[in-house]
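In the two complexes that follow, subunit A is the common piece, with subunit B as its partner first and subunit C second.
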Partner chain A sequence: MEILRVENIKKWFPVRTGILSSILFGEKQFIKAVDGVSFTIDEGEVFCLVGESGCGKTTLARLIARLIEPTDGRIYYKGRDIVQMKKKEFRPLRREIQIIFQNPYEALDPRMRIYDILMEPIKLHKKHFEGDPDERIRTVMRDVKLNPDEYLWKFPHELSGGERQRVSIARSLMLYPKLLLADEPASMLDASVRSSILNLLTDLREEYNLTLLYITHDLAQAWYLCERIAVMYLGVIVELGKTDDVINSPLHPYTKALISNIPIPDPRRKTEAIEIKGEVPSPINVPPGCRFHPRCPYFMEGKCDKETPKYLDVGDGHIVACHLYE
Partner chain B sequence: MNKESVRIKKIKLFGDRVLEFARIYYRNKYGLAGLIILTFFIFLALFAPFIAPYTPSDTFLAEPFSPPSSKFLLGTDELGRDIFSLLIYGTWTSMTVGVLASLLTVIIGTFVGIYAGYYGGIVQSILMRLTDFFLILPALPLMIVLAAILGPSIWNIIFVISIVSWPVTARVIMSQTLSVKESSYVEASKALGAGDTYIIFRHILPNVTPLIFAYVILNIAGAILAEAGLSFLGLGDPSHISWGMMLYYADQFGALVAGIWWYILPPGLAISLLVLSFMMIGYALDEIINPRIRRR
Partner chain C sequence: MSILEVNNLRVYYDTMRGEVKAVDGVSFKLEKGEIFSIVGESGCGKTTTSNTIMRILPPEAVIKSGSITFDGINLLEIPEKEMKKIRWKRIAMVFQNAMNALNPVKNVGSQIVDAITTHLNIPEAEAWRKVKELFELVGLDPSRLKDYPHEFSGGMRQRVFIAMALSCDPEILIADEPTTGLDVIVQRNILNLLRDLRKKLGLSIILITHDLAAVAQVSDKIAIMYAGKIVEYGNIYDIFTRPRHPYTYLLIKSFPKIGSKKERLVTIKGSPPSLINPPKGCRFHPRCPYAIEKCRIEEPPLVNINNKGLVACHLYDQLNLVI
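After this line comes the complex of A and B, so read on.
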């Protein structure tokens, strides 16, 4: 059953310009962080958004958590449009949609003890919380593999990055969420800690019956964790499909390049890393036609730089937006 | 664990932190010296009637400008008043004006700074321009004009000092608010449905409090100097003797020209010493609160 449906969501941030340039250039400029993204997530699924930094992954997560309002588009949570919903109406749903942030050093208030940090969700939803708060805090701490007696009265600065990220996860779990938006929760941690956080998320997903939207720039993490992958480039999804399909038979040139760059710990296996030339273009001046065309090795002049590619279903829900397959 | 035991635990932890703070403060030599000087002045201000040999209204008209002696420890002024007693009574005025003006400054500054920083928009723009305006204006002439218009009273002096100094505090608080506002833990609170009031009181205020603390103390030093300056120019409250006003009278009756040093030096030194003590405490607090400086 579908839990989340995102339809053609857009978020354009206005660019601050001086008076002079707005007179000279006339029209207002926008950073098109997310520019028409659609996908659905089924209940209990682990869905991955992959893309390099600046492609709009984080903006998308913040849109779904309704931390920012979209410029256009719809987000349906359990069939209800949460974009149109009034703030008051949405508030009870906030318990079910929770978010974990990338930087564990910024995610916890430095002046609060772990106890108070974990108490916050309960305080904010007093009316809907049943049971003993202290007991709940201890249970959740054990769920994220932290010893309550040791950590409960500590300040965040007394904890390591991995421990902080666990507290951060614990806070998001306090009110039994249904949909967890994980915005690169492991990317700022050491490799050893990273795998333990990934394993923790896998365990928690079963225990809590979570649906996970996992955002990462690391295809290897997505491969390990997810059932379906969506590859984002410059504010749009370029390829989407089951993890095995996308990893084993990537269609979009961008996906191909990303996958060829996953290091494989096998010296006999030779892979040729496809190199993408150039840098990601600015999201203010998005290239016309296919957004990837200035960097694409299969660039077809007159086609790729003119027409925007349509989404093409090649079977089994594997979708790609590329002129090569039309 | 029930509610009661959580509260007890929290009180105990708070006590531990206070002790820890006291221990760190004790190791800071400047801070300790400042605190000792300040304690001395507070003692003088509180127990003035018991310490001073005379009151400000005791005049020995037959003995004006008499040099220090065993009868008058620091000599007398033009009305034959005991300067030592005036000095002790003046402590209260200088200190009260300093503390109240600084509190008012920081309260206004905090309120405006948090409001502007958190809500942004027009309020922020107005505040920025206003701060620039006050930074460009020379503060002393502005205070003189305001004090002259409002008339001499302790409350007017407090008001005038705060009105001139709040924008600087507001700006500092605003920049701190801006950085706290953007942090992930505020985002996390919002994702849990926290409103603006909750975020301001639970996250922003606790994170700017250390800053407020240090600013109150450092502002007191400035306010004491400002009060002394205004009183020296004859804009002080004549019903409350202060060190600045002693200097004003000394100047008026030609103490400087006549070389009556016992009339000029004591209030001048007292002002310097009190200001110095607040500065030392302020910097010590800043050093303790700001861990980046502490772990040098």
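After this line comes the complex of A and C, so read on.
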């Protein structure tokens, strides 16, 4: 059953310019961070958004959590449009949609003890909280594999990066969420700690019956965790499908390049990387036609730089936006 | 023939909370023309090691013991005046996050020219010619010499810094986390560039990184550092197929390996220790699933295994760790 449906969502941030330049150059400029994204997530699924820095994946998570308002488009959570909803109407849903941020060093208030950090969600939603708050805090601590007696009265600075990320995860679980948005939760951690966070999320998903939207730049993490992957490039999804389909038989030239460039911790498997020229262009001046065309090795003149490619389903929900497959 | 030899290096930091034993008895050899990687997590002492080679440590750092031999000279004993003849001219470095350190109000070409004229006694016109050559060498378009840093992407700015480091034709290049913070495709390009430069210029390269996957693609030899010490050292193929130290083994197993069978990732309990009071015995023992009583008491020496590499573990010949 579908839990989340995102329809043609857009977020354009205005570029701040001086009065003089706005008079001289007229038109206002926008950073098109997210520029028409659609997808659905089923209940209980782990869905992954993969993309390089600046592709709009974090903006998308913030839109779904309703931390920012979209420029255009619809987001349906369990069939209800949360974009049109009034703040007050949305409040009960806030308990169900939770977000974990990338940087565990900034996501926790340095002046609060772990106990108070975890108490905060209960305080904010106390009318709807049943049971003993202290008991709940201890249970959640144990769920994220932290010993409550040892950690509850500590401050964030006394914790390592991995432990802090566990506290952030615990906080997001306090009110039994349904949909968890995890924005690169493992990327800032050391390698020896990263895998334990990935495994923890896998376990929690089972225990809490969670639907997980996992955001990462690391295809290897996506491959390990997720059932379906959407690859984003410059504000749009270029390919979407089941993890194995996308990783084993990628269609879009960008996905192909991305996969061939993943470093593999095994010198015996020296992969031949597809060379891609240049870097991601600025989201202010998005290339016309296919956004990837200036870097694409299969660029077709007169086609790719003129027409925006349509989404094509090649079977089994494997969707690609590329003129090569039309 | 080894071009650089580090022997029993100890560098401690004096802090308010005590002495931080950042580098505690590190030895390695850099062979001419090889890419040698030092891999470890944050705070393991890898950057301190490289900064000691360059002699650019902050004032609170104290070199307790050791020697760094380069071309028959102990870099730790010569006066600063002599060091200036070596630093940048013979041993150059690309710093971590350097790409954010360019002067924003000066075009990139003249920033490299400044670096050249500071170190070499050549006229400015010649320096500009040199910069043009360097740009071509690192894969940048020489027509963009007069562009400003904000007009360059992250990967291109990293190339500018590599060009700057190569401006005085060094024999050794130290690259501290050169790919951190870059996108995968760009990361790969920068690593390939380093490999090409080694070939073209006969450079010897020390690559400092936390990214085990990245080093697997370019290095000849690697040293794995943990809590201020080298725990394993060897040829890249040996380390990745038959690691001897549990830390190396667990680290390799904790990476999701795309394309192979999906199995639950190995985790390492706890987190790296504080270097003010490192654990007694083997520093990895509180996190090691194989630890025995001896590991808690006695520090394991770095032993040579059939000339194939070095490992510091009491159980190296008993554990059968195969990737």
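Definition applied: the second predicted complex is superposed on the first by the 319 of 326 C-alpha atoms of A that agree within 3 Å, B and C clash if a C-alpha of one lies under 4 Å from a C-alpha of the other, contacts with A are read in each partner's own complex, and residues count from 1 in each chain.
By our rule, contacts are C-beta pairs under 8 Å (C-beta built on N, C-alpha and C of every residue); 3 or more make two chains touch, one makes a residue touch a chain.
Computed from a predicted structure; not experimentally measured.
**Q** In the superposed model built on subunit A, check whether subunit B and subunit C fit or clash.
**A** Here the two partners, once superposed via subunit A, fit next to each other without clashing.
**Q** Based on the superposed arrangement, let me know which partner A:98 touches: subunit B (first), subunit C (second), both, or neither?
**A** First partner only.
**Q** Let me test your reading of the model: by the given contact rule, A:321 touches which partner, first (subunit B), second (subunit C), both or neither?
**A** Neither partner.
**Q** Taking the superposition as given, does A:125 touch the first partner, subunit B, the second, subunit C, both, or neither?
**A** first
**Q** Please work out whether A:240 is in contact with subunit B alone, subunit C alone, both, or neither, and reply first, second, both or neither.
**A** Touch status of A:240: no partner.
**Q** Does subunit A have more residues touched by subunit B or by subunit C?
**A** Between subunit B and subunit C, the winner on subunit A residue contacts is C.
**Q** With the two complexes superposed on chain A, say which partner A:48 touches: subunit B (first), subunit C (second), both, or neither.
**A** neither
**Q** Where does A:266 make contact in the superposed view: on subunit B (first), on subunit C (second), on both, or on neither?
**A** After superposition on chain A, A:266 lies in contact with subunit C alone.
**Q** Have a look at where A:182 lands relative to subunit B and subunit C in the superposition and call it first, second, both or neither.
**A** neither
**Q** With the two structures laid over each other on chain A, which partner does A:153 touch: subunit B (first), subunit C (second), both, or neither?
**A** first
**Q** Can you report the least C-alpha distance between subunit B and subunit C in the superposed arrangement, rounded to whole Å?
**A** 6
**Q** Using the touch definition up top, name the residues of subunit A that touch subunit B in the complex.
**A** Subunit A residues touching subunit B: 62, 65, 67, 91, 94-95, 97-99, 101-103, 106-113, 115, 120-121, 124-125, 134, 153, 168, 171-172, 175.
**Q** Please output the residues of subunit B touching subunit A within their complex, sorted ascending.
**A** 1-2, 6, 9, 13, 183-185, 187-194, 198, 202-203, 206-207
**Q** Can you name the residues of subunit C that touch subunit A in the complex?
**A** Subunit C residues touching subunit A: 41-42, 153-156, 183-189, 192, 210-214, 216-217, 236-237, 240-241, 247, 250-252, 254-259, 262, 264-269, 271-272, 287, 323.
**Q** Residue numbers of subunit A touching subunit C in their complex, please.
**A** Those in contact with subunit C are residues 52-53, 160-163, 190-196, 198-199, 202, 217, 219-221, 223-224, 247, 257-259, 261-270, 273, 275-276, 278-280.
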